[in-house]
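Multiple structures follow.
Shared chain: chain A. Partners: chain B in the first complex, chain C in the second.
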Partner chain A sequence: MAETDDQIRQVLSEHAKLPVDVDSLGAQTDLYAAGLTSHASVNLMLALEDAFDVEFPQSMLRKQTFQSIASIRDALDSLVTAAAS
Partner chain B sequence: MAAVDGALERARVVARDVVAPAADDVDREARFPKEALEALRAERLLSVLVPERLGGGGASLPEVARVAEVLGRACASTGMIYAMHQIQVACLVRHGTTEPFYDYLSEEVAGRQALLASATTEVGVGGDVRTSLCAVEEHDGRMRLEKRAPVISYGQQADAVLATARRTPDSPASDQVLVLCQRPGLVLEPISGWDTLGFRGTCSLGFVLRAEAPTSHILPEPYADISSRTMLPVSHLLWSHVWFGIADAASAAAQGFVRALARKQPGVTPPAALRLAELMTVRLQFEALIRHMARRYEEISADLDALDQMSFAVAMNSLKVAASTLVVDVVGRAMQICGMAGYRADSELGLERLLRDAHGAALMVNNDRILANSAHLLLVAREAG
Partner chain C sequence: MANGPLLRTGIDVATVADVADSLARFGERYVERLFTRHEVESCSGTPAVTAAGLAARFAAKEATVKALGWEDAPLDWRSIEVRRARSGACTLLLSGEAAALAARRGVRELAVSLTHEGGIAAAVVVGLLEGHKSPARACRCSGGGHTTTRRARIEEPSGDEGSGGSDEGGREQVTPADTSRARHGRG
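Let's turn to the complex of A and B:
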């Protein structure tokens, strides 16, 4: 889990274009309140798909999925679990 | 349903008796259609979208869209003003989920038929309405806001303005709220004029907006959600109905022109009749598009999952681009059919005004910006909307 979070933080720091340091964000911090724009969130999704080798289904392509590091981790976990079963 | 059918019927009468007769003067003088607004207020048409329990008409969005269409057919500026007002009302009805907004809708919108305007754009953000420079400053339960808005349509005539701003002076540009700014706490200082080719009666001057309000007049939800679930889709829906009204007025003019030709030589179908048949196929595409999208929004308007999906945002963007393109297409075809009679500025056909208004549709919130947004979303969206 910690490893996933680190990877997510790495993608965030490269693609989310946040006006704050990614290391200062808690797992539950609202990324939109921290400055994530809808434009940057699309780039974030693409980068996450590439980094984790997954594809977000239509139902996950919503603002809420990318609300926080924890919600991104939950989404990725559910995709990895689904792929394994 | 009877009362709502009544709203559309009342709108038709107002359009015929008040809006249409003033349309040329409103356009020529680039003046606010005050007689139209007086008539709409007298018929309580500014509050048709407000729920009945708050004293409004309780109409659905597709029904309000029909009213906007009927008004737009008579006078595009009046139609746009009506549409923009209803967009603000829709934001309050759907997202103003606290007591002060219920009171406002009931007392001011339903009670006094208040006219609401919008200040989402800002000088310095490059047209990106999802970012703000200005910020709400809170102090002791009151808030202050100062915003340089390049456009506030009918700002001088509006009783209140819904303005976007950063949540706090420390918030990032994209963390926005929507604030209800009401006179007398609202002061607008003009900074630019409005002398355009079309939509001249919307009086869309630029202003410095200065507002003071209780903090309870900040809508509780983030503007990001209000924008994607209501402001954007309702804007594109209502505007596209007004633009269809423009197209419908042009096709009626062309039809009348061809009929007059045919009367001169009974038994001979004028060549222009073929062009009219072509025009009608495009008009039908336009009408089917707006009716379908109105139903589609109505069906999912309470389903947050569906509203938040990218495919929905792309579909509503596509509606705006398609409708603003179709209106130019239809009016251009009508001009072709009527020939020099339609090209004359002093013609009874009135096509020159419709042509100027039609071209505004693709420019107000530029289609290129909308297409760029869709293009970006489509990089990740999975299915066609």
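Let's turn to the complex of A and C:
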């Protein structure tokens, strides 16, 4: 879990263009409240796909999916689990 | 006439450089997630023209999301499409969940204005709610549900980039596909 969170933080730092230090964010911190824009969330989604070799289905392209590091982790876990089954 | 608000509004800005960066980093994957073929074709030109045009369209999509009061349903950005006529005047075309949400919100018509200047693209969307009379020269559409298309005239800079908006003098832009259920409401 910690490793996944670190990878997510890395992607956030490179693509989310947040006005705050990513290391200062908790797993449950609201990324939109922290400055994540809708356009940056698209970049974040595409970069996560590259980093984790997954593809977000249309059903997951909702605001809540990218709300926090924890919600992103949950989404990635479900995608990886689905791909493995 | 019904009580309550007449209109729903939304506004958004997008940085042209951010869109250019996304195009460079993610290429077709970025384009295909956000824009329709028509929108891409409408923005063909130099890389700067393309980035500015797509940034304006992204701002229009986000402004529409705000005007419709989108909550947490999955969002297909392509379900909010900016259609551009040869004259430069444009329309908004909603499909899928965007059209369904517009119907649930009672939004009968949408108007959008786009601009880009100094590296910033911006859009404003205004939705007219059911139960209110259409203003003169508005395009009146009937029907509802997931397949409903809702169109409105959009003013957008045409020709040289960032030179200000073009105005089509109030002409509506109604495609042949709309003529069966859209009529001119001038006067």
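Throughout what follows, the second predicted complex is superposed on the first by the 85 of 85 C-alpha atoms of A that agree within 3 Å, B and C clash if a C-alpha of one lies under 4 Å from a C-alpha of the other, contacts with A are read in each partner's own complex, and residues count from 1 in each chain.
Throughout what follows, a contact is a pair of C-beta atoms (placed from the backbone, for glycine too) under 8 Å apart; a residue touches a chain by one contact, two chains touch by 3 or more.
Everything numeric here is computed off the predicted structure, so don't read it as measured data.
A count of residues in chain A touched by chain B and by chain C gives the higher number to B. In the superposition on chain A, contact of A:Tyr32 is made with chain B only, not with chain C. When both complexes are overlaid on chain A, the residue A:Val42 reaches chain B and chain C alike. Of the two partner chains, chain B and chain C are each touched by A:Gln64. When both complexes are overlaid on chain A, the residue A:Pro19 reaches chain B alone and has no touch with chain C. Residues 38-39, 42, 45-46, 49, 58-59, 61-64 of chain A are contacted both by chain B in one complex and by chain C in the other. Contacts from chain B toward chain A in the complex involve residues 130-131, 167, 171-175, 222, 224-225, 228, 305, 308-311, 376-377, 379-383. The residues of chain C lying in touch with chain A in their complex are 12, 14-15, 18-19, 22, 25-26, 29-30, 33-34, 58, 62, 65, 72-77.
Looking at the complex, you find that chain A touches chain C at residues 17, 38-40, 42-43, 45-47, 49, 58-64. On chain A, the positions that touch chain B within their shared complex are 18-20, 32-39, 42, 45-46, 49, 56-59, 61-64.
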